[in-house]
Amino acid sequence: MKFLITGFEPFGGSTINPSEQVAKALEGQTIGGAQLITAILPVNGQYGPRTLLQIVQDEQPDGVLCLGEASGRPVLSIERIAVNLLDYRIPDNAGYQVVDEPVIPGGPAAYFTTIPVRKIAQELRESGIPAELSLSAGTYLCNQVLYCLLHFIETNHLAARAGFIHLPALPQQAAGRAAPQPSMSLECSLAGIRTAIGVMSGC
Amino acid sequence: MKFLITGFEPFGGSTINPSEQVAKALEGQTIGGAQLITAILPVNGQYGPRTLLQIVQDEQPDGVLCLGEASGRPVLSIERIAVNLLDYRIPDNAGYQVVDEPVIPGGPAAYFTTIPVRKIAQELRESGIPAELSLSAGTYLCNQVLYCLLHFIETNHLAARAGFIHLPALPQQAAGRAAPQPSMSLECSLAGIRTAIGVMSGC
Amino acid sequence: MKFLITGFEPFGGSTINPSEQVAKALEGQTIGGAQLITAILPVNGQYGPRTLLQIVQDEQPDGVLCLGEASGRPVLSIERIAVNLLDYRIPDNAGYQVVDEPVIPGGPAAYFTTIPVRKIAQELRESGIPAELSLSAGTYLCNQVLYCLLHFIETNHLAARAGFIHLPALPQQAAGRAAPQPSMSLECSLAGIRTAIGVMSGC
Amino acid sequence: MKFLITGFEPFGGSTINPSEQVAKALEGQTIGGAQLITAILPVNGQYGPRTLLQIVQDEQPDGVLCLGEASGRPVLSIERIAVNLLDYRIPDNAGYQVVDEPVIPGGPAAYFTTIPVRKIAQELRESGIPAELSLSAGTYLCNQVLYCLLHFIETNHLAARAGFIHLPALPQQAAGRAAPQPSMSLECSLAGIRTAIGVMSGC
């Protein structure tokens, strides 16, 4: 069993991204019988999804878990759905800002993620890691790569399960913000993602 | 140089308290030339302040830093002031709930804390630990022991500097709450309090 | 041109619902050439959607704007999407609580609303009425009736435009809550909905 | 019986201030036997307090209720205390920004307000107007004029009762902010302040 875990490069003026650090820490590891491969996606509307889909096609993983940063959210956010809508609040790292366009013209309005979101949330909480189910991955790169991934799996009739988990800012990121902002340590986020992968591998 | 660091026992239905864990982790250590002694205070309107003042009288510390838990706050809160007001939102651990009474009848309306609050906040942020200055320690035990401490130091003409820092909930506490709640790892809170003590010792 | 405006009956222990009051205030009025008919839907997973669809079938309105209460939200929330998911946080008024079931088995994951959401938000703000675009109508009755409505319009090839706006709690509701909660006066919510209907009628 | 009600002029880039509008609406009115006189204070660290104290000296009111704007707060905030600390987050309208200085050098750390805060909060809530008791009026002009007022009354042995209530932003102010922000209509804030004055006059 092979799982692909992805993070994003830093964006929005930050020099670090918790999703990049968590993904890199998992490279080459094995959890619950699943061998992990990882990738860091560019925060780029064109190359972010393309990079992800190329790896999925080449590696044919049994499961894909994408990670992203959600500054301001206080707990791990297990996303339930990706929507066919781009509405960038800030430009991507290539300087391109999209407002009210579909991710994929003609695609369905949304796809549900296919990982066991409720079971993951319960396992996380019972392990002492704060988590919630989320009904929106936003309308930026996180939602975009998730929508593209689920659309690719659907249209290519792949068996891979796919999902997305948003991570709070790292403490050192929150420390630099003018207003008080919640954070989660790398160790806590990493432990949570390990737990989530364990649940995914056992289904 | 001798510093007293205090935490509180668990309260409000929780079985743990980050301030207790941080204080215990510091017992017997030396930071920046300051030898640390620690105590865990009962969440009890009568014995909480009494326990603290007895230790201050016996040990004559050069500095006192009290710690407490502030569920819902996302960052370390460095308190600037203690007010002469008790208004318990929930009963203390003895089941006693006070509404709109003074901490000390006839005492002044408030005391400012005497640790370098702004310098501590700056050092914390530069160290990558989220922190804020706070204008209210509430009207529960945290504010009560801080007010009693500052009043005791003032009326006994002691030289000790004294302050209070509120800690966010631990991740395992936040994991048990129905609504998403910010948290901070024990390691991050502990690192922050070490930094604060270092600043106190260098003044 | 005929528009159907709906509100909900009170629920969750409250005796009033801003959406009911706004809908009733609009009964029989004409805005921007659109004649308004209104209905109050039961907070009942079975009869709420059924009541709405029966009226749409009978009246064949050119536009449908459903209103609901979203306690805790500080501004008018113009919903962009309805998802095929029921996950009631509290039971409906019949005492029935659904967890993780589809609104319509076999239906698409989601439908976008078909009113000009961005133009409505801009008009509202320029009129001095606080508003935001929202990416989630939740997983309770509000999302359920919206999903059923959009599915009915789609599968019956109707031309009607349809949308949903969430209203903050009324001041008298917020006044009764233990924690401070945002609210909006009936007059402000009503003025906002009039503006939204005006934009809908002009498209 | 004569009460002085004050508001502030606009500041911080806004062209309106709810406290100014509420104060002006009360000019010359009589509530519960109290004749109201009003004044609008400049958001100026030098002239704001001076203007207020001059009127108190000239008019010798039996009660003083100062009003101010607190953007971001969702309900009427009845202040309990003023602290001897200036820490302006933004410059005042004269462009002067103070950091960590006392309001009055040598003055006590704080004064409690002398209006019946709890009774006012209860009456407001029972009247359907959202309200809370607040432990901090901030460290800007609002706190500054309140501290100066209470200090003046204390040092001159006046009998006047004095307090402060913070008002949420007006809807048209919140409509212009980038992020969703709570607001309260002028009618609701005004009704609340009338109620508060009625309670003050009956004590």
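Here the chain labels run A, B, C and D in written order, and each chain numbers its own residues starting at 1.
Rule of thumb we're sticking to: contacts are C-beta pairs under 8 Å (C-beta built on N, C-alpha and C of every residue); 3 or more make two chains touch, one makes a residue touch a chain.
Keep in mind that what you see is a predicted model, and the values were worked out from it rather than measured.
**Student:** Please give the intersection of the contact partners of chain A with those of chain C.
**Tutor:** none
**Student:** CA centre of chain A versus CA centre of chain D: separation in Å?
**Tutor:** 47
**Student:** Roughly how many whole angstrom separate the Cα centroids of chain A and chain B?
**Tutor:** Centre-to-centre distance between chain A and chain B: 38 Å.
**Student:** Do you know which chain B residues sit against two or more other chains?
**Tutor:** none
**Student:** Which of line, ring, star, complete and other names the graph you get from chains that touch?
**Tutor:** Topology of touching chains reads as a ring, each chain with two neighbours.
**Student:** So, with touch as defined above, which chain pairs make the list?
**Tutor:** A-B, A-C, B-D, C-D
**Student:** For a test of understanding, state which residues of chain B touch chain D in their complex under the given definition.
**Tutor:** 80-81, 83-85, 87, 100, 108-112, 118, 133, 135-136, 138-139
**Student:** Which residues of chain A touch chain B in the complex?
**Tutor:** 73-75, 124-132, 171-172, 174-177, 180-185, 187-188
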